[in-house]
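By letter and in written order, the chains are A, B, C and D; residue numbering begins at 1 in each of them.
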């Protein structure tokens, strides 16, 4: 009567498919991260350097049609950079959290798990994009797009090397603030449109948090603008030629650091999602690609906010050029390399903070923003003005 | 200035936490990849139950029904008949329903002849819950394949390569400590 | 007022068997004697009636008392003691839910562990483990109680 | 009708009712709390339990005494072994069984190992509620080592069914004392990290200090026990108040804190872990290396009488009220579980707190639903 299969039939080791997860492969991992970094750098060089150089050298930019094609190609490349950054950062973050937490992180897709995100993306694409009964369909679908686009917009204004910037806006700082504020709309609308209570609570928290952190963030940016005398990001980087802004602008730097973590909605300020409290908050009801867009936006921001730290306070692309002419292509490529390395360091610090700290409470967060950071940011602004006067006088 | 001190204290504490986290990066991961790496299961561990046969292939079980009575979830069903050759009983049926088994090893505890034992087999998951019903042939087969098993009466026993069964050395035995200590004193 | 109860000592605690009418007055008296910590409240079915057992302790010196009383099946009512020890709120709900004792004056006497619409009290002996009434189950006769003894003057309860 | 207005079906315009649970990451099981929210402020909290009710007490009435030990394990499954003890002690009292010294110390060692394991689970999942993911993995890794040590001797990791009437079921593995001592050394090195990540973290302190304050009188009246009670300034520990096994011979302190807030409950549990280390060290030293591990127990147990015994498990005062009628099956068993009593505090603590505080308070109460619902 026994229907229980005998052990012999099941004690077979599953066949290994091309890789062995039991074997740690630091070499492969290191190579993969080098490749990740290299491909990102290559993409940046193509998007910021080669394509504009090509269009300029051929004189295609003068015609309307040529400019149109240039814009389309550049937009696609920018999207590509955003997507690549997100794909890389997802696996890097998971690997880093794994390392920190004494486990291995993703291990099964690709050697040492480096292709994990690709399969994640495929899985999310193949997943049903389910919408619950009482959602507002239009806004429900629009919200992730708004969030993603806002993250993506910020990328446009970031200069990666001398003269290498997609849109060299003379109001770059204001554009950054505007674009990041737009992201809050996506979160708030997405939370409200899904018709669930957790989503609504998440939306409320997101609204309160993002609005309150925009102010110190904007003031910190403004301080940098005042000190460097320009709102154009390239000018700000140029201004740090001798001394990085982190030294004179230390207070705005601190304010910006805290505010940008809050902007990122990562621990300790991940209140809008707060898995253990709100079961995901604003993205509780999202699945499939809609969720993927929120997710991608988060990781694009995880690249952009550290990138802005570098641009505003850590000298942007500045680094030893070994006698190269700063206007030459090679120098610019080297500069973009410096920029990416500095950004990588700051991304690591952001991830480190994320791995360590518990979450703040909503009212403490407001307290910190309005009572702590705002006065500090104002002080920083005044300090920046004084320093500016001092610099100009001297 | 106390405010500054407070802020400094907070920053220092956060830094300590972050250092504590980062210190772990260098340590090797503890992840086990199950199908490829299997844990070592001590023989005492109640992973699975088996019926042990003597070296000559006869049942150790004497059909005393002690395990059937001791089982809290009443998953053991025993049918026996009088031994035509001699005294005692012969086992006819021994069914163990692993669906409701709580792995308490009470049956192993009460067995007077160490016929039902705990073995370290743990890969017995199946897809259908109705398949978790074991009979005597199955439990015997598990017992025949077991290399090491435990029962309170005989302790940990091992099967030698030539098929003979003998008691494991004291290092493997629960209660082997007394023996080891006595050996040390003797030496 | 004289309380009807009997005391005996079991292990390290004093056990009070108390008349159901004097259940609450006795517990009030014990509360007055400083038994502040609610240890446990058990409801049980004795097959002739229901019994409620209250275990208390005094945090100051660790003295322990047990109080029990029996109520008949047809009137399984006792005054609630949740106002004396709010910690018994859920214990009384549990005793009501599983055994069927009704506590008068309980702030929120609902079923707690089983479903709200259940009609049976599963820990009564007349039900089997599946919640079905056992065939042929009959309550036993109420046992004869010897005369209740009265509280001696200056009885200090828990102090053995 | 669509839109946000529809999702506010409550009798008050400014209140939103939320069913927190039975499936919610922070309820640590199947607790359902109907929470009324006014913005982020909790206006009411009505706990509903019973989703995990298995009616242990009825099942146990139909089992013999040795069989019941298996069921008691399944109450507080996080600190499995500890649950067996009150029932066993009560039956031992009724039968008059003598427990040999070695068994007493072994019981203490296992008891405290499970306290460490349980507190580690609480610490990890509690910090998960606070939004920190990393301590969770650290604590579970440490707990794994405890469970491995236990498995080597007791035969199972979570529900070992190891204690028995008159002692323990089998002698320990020869490596046991060495393993435990090694683990304690290892764990002592890990503790500072937990302090840095949890108790000393300013973010955690901001979340925990002054939150969910439970006054002393209320804690006593509600029958709270364990760290919840001791964090409110009451030094009530069953190990001291009604000592059992080898606890009278072991020196340890009962950590008490007066504040009664979430931080105090965390602090008390941290200190308890340190005390547990001390207790285990002493017990290892004092355990007779050889000797019987089990006392003499009648083969057929006929228990008559009624006895209530309590022990201090990781969550507090766990009691077993055993009533025997002279047969080999109990007439009635009542388990008094600490989380059951502690959860009565939900309305006291949650109302008026913020929603995020509600999560913190729940995790500081540390309920385990196997034992609440039984």
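Methods note: a contact is a pair of C-beta atoms (placed from the backbone, for glycine too) under 8 Å apart; a residue touches a chain by one contact, two chains touch by 3 or more.
Here the structure is a predicted model, which means the values were calculated and not measured.
Comparing the centres of all chains, each the average of its CA atoms, the largest separation from chain D belongs to A.
Centroids built from CA atoms put chain D at 26 Å from chain C. Centre-to-centre, using mean CA coordinates, chain B is 44 Å away from chain C. Centres computed as Cα averages put chain A at a distance of 64 Å from chain C. In chain B, the residues that reach two or more other chains under the touch definition are 14, 17, 20-21, 24, 30. Residue numbers of chain A whose C-beta contacts span two or more other chains: 100-103, 355-357. Contacts with at least two other chains are made by no residue of chain C.
If the chains shown are joined wherever they touch, the resulting network has some other arrangement, not a path, ring, star or complete graph. Under the contact rule stated at the top, the pairs of chains that touch are A-B, A-D, B-D, C-D.
Only residues 63, 66-71, 73-74, 134, 138, 141, 144, 151-156, 159, 161, 169-177, 192-193, 196-197, 200-203, 289-290, 293 of chain D touch chain B when the two sit together in their complex. Against chain D, the residues of chain A that register as touching in their complex are 97, 100-103, 134-136, 192, 195-198, 200-201, 204-205, 267-268, 270-271, 274-277, 279, 355-364. Taken together, the chain B residues at the contact with chain D in this complex read 9-10, 13-14, 16-17, 19-21, 23-24, 30, 42, 44-46, 70-72, 102-106, 109, 118, 150, 152, 170-171, 173-178, 180-182. Across the interface of their complex, chain A is touched by residues 14, 17-18, 20-22, 24-25, 27-31, 33, 35-37, 95, 98, 121, 123-124, 126, 130-135, 137-138, 141-142, 145 of chain B.
Those residues of chain D that touch chain A in the shared complex are 2-4, 6-7, 16, 18, 24-26, 37, 39-40, 127-134, 137-138, 141, 197-198, 201, 203-204, 206-207, 354-357, 359.
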